[in-house]
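Below: one structure in structure tokens.
Labels run A, B, C and D following the written order; every chain starts at residue 1.
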Amino acid sequence: MDKVIPKLEEAIHDIEDGALIAIGGFFTCGVPRDLLKAIISKGIKDLTFACGSGPLLGAKEEMSELVANNQIKKVIDSYGLARSTSKGLDDPFEAQVRANKIELEVVPMGTLAEKYRAAGAGIPAFYVKTGAGTFVEDGLVTNFSENTNGKETKIIDGEKYVLEYSIKPDFALVHAYMGDKEGNLYYRKTARNFNHVMATAGKVTIAEVEKIVEPGEIDSHCIHTPGIYVQRVVQVSRREFEITID
Amino acid sequence: MKKFEGLPQEIIALRASQELKDGDYVNLGIGIPTMISNWIEGRDIFLHSEIGMIKTGPLAYDEDIDQDLINASCQPVTEVAGSIYFDISESFAMIRGGHVDVTVMGAFQVSEKGDFAGWNNPSRGLGNVGNIGGSMDLSAGSRRLIITMEHTTKNGDPKLLKELTYPATGRGNVNLIFTDLAVIEVAPEGLILKEIYPGLTTEDIQSVTEPKLIISPDLKEIEL
Amino acid sequence: MKKFEGLPQEIIALRASQELKDGDYVNLGIGIPTMISNWIEGRDIFLHSEIGMIKTGPLAYDEDIDQDLINASCQPVTEVAGSIYFDISESFAMIRGGHVDVTVMGAFQVSEKGDFAGWNNPSRGLGNVGNIGGSMDLSAGSRRLIITMEHTTKNGDPKLLKELTYPATGRGNVNLIFTDLAVIEVAPEGLILKEIYPGLTTEDIQSVTEPKLIISPDLKEIEL
Amino acid sequence: MDKVIPKLEEAIHDIEDGALIAIGGFFTCGVPRDLLKAIISKGIKDLTFACGSGPLLGAKEEMSELVANNQIKKVIDSYGLARSTSKGLDDPFEAQVRANKIELEVVPMGTLAEKYRAAGAGIPAFYVKTGAGTFVEDGLVTNFSENTNGKETKIIDGEKYVLEYSIKPDFALVHAYMGDKEGNLYYRKTARNFNHVMATAGKVTIAEVEKIVEPGEIDSHCIHTPGIYVQRVVQVSRREFEITID
């Protein structure tokens, strides 16, 4: 079963307007930037990007194109805005959020990680203490006020927990260091971050990898993402980039 | 309001570092908490980065920079012997599951109930819609939550309050507060003043603190 | 009741193996399902073992036995190129999350609604307290659930029933049933008889099946 | 931080009567048998063993001693009885269950894995479809009828899910192939099974390992259980055993 797709545009051929797309990566680290470029080239619109911790801040160039092309309908993230408030004032994405042209939904990072993990693991909802007693419990986490809904809570062993639901993306785009033809993935250092959970969550998961190897070449004890979660693998070249977010 | 001279930020970090025990797994937030890492070199403390790393090494410069190796604040870092990597859901399982012994964070405000506001910035004009990151998970999940911060705002307004006026990052989780002026414990009965900057009086500290402080019977000067 | 001669177990397994597609991730239960692995050698099918392995190889004998390498039925197995290992919560994330394309299991009873009883043994005298293993997770989570079994009990009593009399392992999950006498699809409108053992009539099959069968317009003999 | 404890009895010194003890292993594979032997030697009683898939069936010798010594109060497992009903009729453990001297609580394997994972991950409860519409939903899963409680359910997107709670053991005993002095663990092949989730779940986790190495010797990308979950490591020798359950 060879899951390798020769070209980026072919790997994303069935992503359409309105798709819910998960993006791996943590700021600049481990972001599937070539797949994002393919999304930009394809020009599809009304996209919701399900992120973990600012991969679109890390992929500055791609982000500004996505915003300039009006491709984004919504972003879900724990850290979606420029770090510096003053830079944020000049940021086209943030301007669109402030103008309510793009929805930004904020979720605590660990809850977000678990929402993707839960989607992959067949768990539609789970309780966490994160956010209990805060605006997260009240659901005041989006600039689209019509979408604010208070969350269900439950007292378990005397402590209050918030019920959180899984997020199941139509497509998950991830970046790995190595992938074999059967879709098994291996990440380098902290570039693993959200890539594994995103890969498990996607209805269709597409991995861009820096190296393609034969099945068996990645240590059988050291597979980070089993190929069962990965439908397509596409090779990209390793790019150098600056490690910074504004 | 009167503004007192106190410890510089590096020294707040030094005092807070003394609260960490050998063998502790510790997560350090951005700002003063990050400076703690300068004071624990050679000590047996495991630094956890929520991006998915334990035994996070010092910041990387020049040719040591690896774009696949950053901390949760997007700074390039280094490996040390025994550094390990894992995925983000494992990382937050550690945090939420109570395996991280101590988290040290900055705060805009802390209440006498141990509530704190760690990140909100009303000047952005987006209400609650901002950068939460992992702060809510860390405050809810860590065994101990330590806050390091200036005792007052730049204008001299108290940051230790009866009730938060900013949106809470966590409720009732703060255990200990290190400021430039004092060391304060959060107890069920209120804020206990335990250590004080040399030369200041308890009245001085009270004058820049909104809730009524309980003076520890063992009150002493901050020792380093 | 009349008992008909039909396919031997190995051949039920062969017929079921033809239902698997290249690229499928497949979990095989104990009994007839395990025999399917003999029919798919060389095919591009990924065998998932719930203990935490994909591309589970053939059974191990003699010096190939490794005590750290067994399948979920406690049999020593082997590795093949591309075999991988993972932990049990990952393994059941795959199952529950719908990543396993097909599970094939045995059953004591299947109802016309697609409910099935896979493990209960009333003779043990412990009611429901028995060995569930991963059968409930597999039946609830897999994209397709195929049952392979004898059409009747040893006494000739039907195992295809209107309602289960044994406790259910899963409700409404069965998609397809392969027996020694027939191939039957579970559809919203009931059980559809699709293939039949050569020489038997639809009346013969109905006579050993409790619910009323819907005869497929494309009914044919079981082909191998 | 050297977590190595020289002796087995020292590693379990604070496990007391009435403890809830998780045991890694799947039938014969990856069971912490030397730690079980230490439990037997210590003679502590009223123990509840939280298992995954028959580690006490796999560790036949230890199981029969635990039963003979009356050390077991309860077992939680997905597969706790002899495979063969006829062998079960002769089995002293099963006889005690049948006589209601020992409680046996049955949980579907995947739900059980998730209950331990949830305990380690700070998730007190979660929804699964496994068991919906069955006696698991009705809570009829123990021979102690006074402990049968129907479970909460919820319809999510038109499907019924059952609310399951985490299981947090006082101690988790696990077996690993390799462990370093800081408690990082590496398992061989399918001996990983329940060991990792058990290690994350334990309030105190004790690992018996076949090899002790220095920090850094296990590949940093290939740590199966990060040492943050492991409080004690003790070396044991690799033993040969038969691969069979009755």
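Points worth noting:
Note that in this section a residue touches a chain if its C-beta (ideal position, glycine included) is under 8 Å from a C-beta of that chain, and two chains touch if they have at least 3 such contacts.
All figures in this text were calculated on a predicted structure; none of them were measured in a lab.
Farthest chain from chain C, judged by C-alpha centroids: B. If you average the Cα atoms of chain A and of chain D, the two centres end up 34 Å apart.
Centroid to centroid, with C-alpha atoms defining each point, chain B and chain C lie 56 Å apart. Shared interface positions of chain D, i.e. residues touching 2 or more other chains, are given as 114, 117, 121-123, 128-129, 187-189, 221, 224. Chain B has residues 79, 85-86, 89, 92, 95-96, 141 in contact with two or more other chains. Judged by the touch criterion defined above, the protein chains form a pattern that is neither an open path, a ring nor a star, and not fully connected either. Under the contact rule stated at the top, the pairs of chains that touch are A-B, A-C, A-D, B-D, C-D. Across the complex, chain C is touched by residues 1, 117, 119-123, 180, 182, 184, 200, 214-216, 220-221, 223, 226-229 of chain A. Across the complex, chain D is touched by residues 49-53, 65-72, 74-76, 79, 85-89, 91-92, 95-96, 115, 121, 123-137, 140-141, 167-172 of chain C. Across the complex, chain A is touched by residues 22-23, 25, 44, 46, 48, 54-55, 79, 81-86, 89-90, 92-100, 141 of chain C. By the touch rule above, chain A contacts chain D in their complex via residues 114, 118, 121-129, 154, 156-157, 159, 161, 165, 186-189, 219, 221-222, 224. Against chain C, the residues of chain D that register as touching in their complex are 26-30, 52-54, 58, 78-81, 83, 85, 88, 97-98, 104, 106-111, 113-114, 116-117, 128-136, 140-143, 177, 187-197, 224, 240-241, 243-245.
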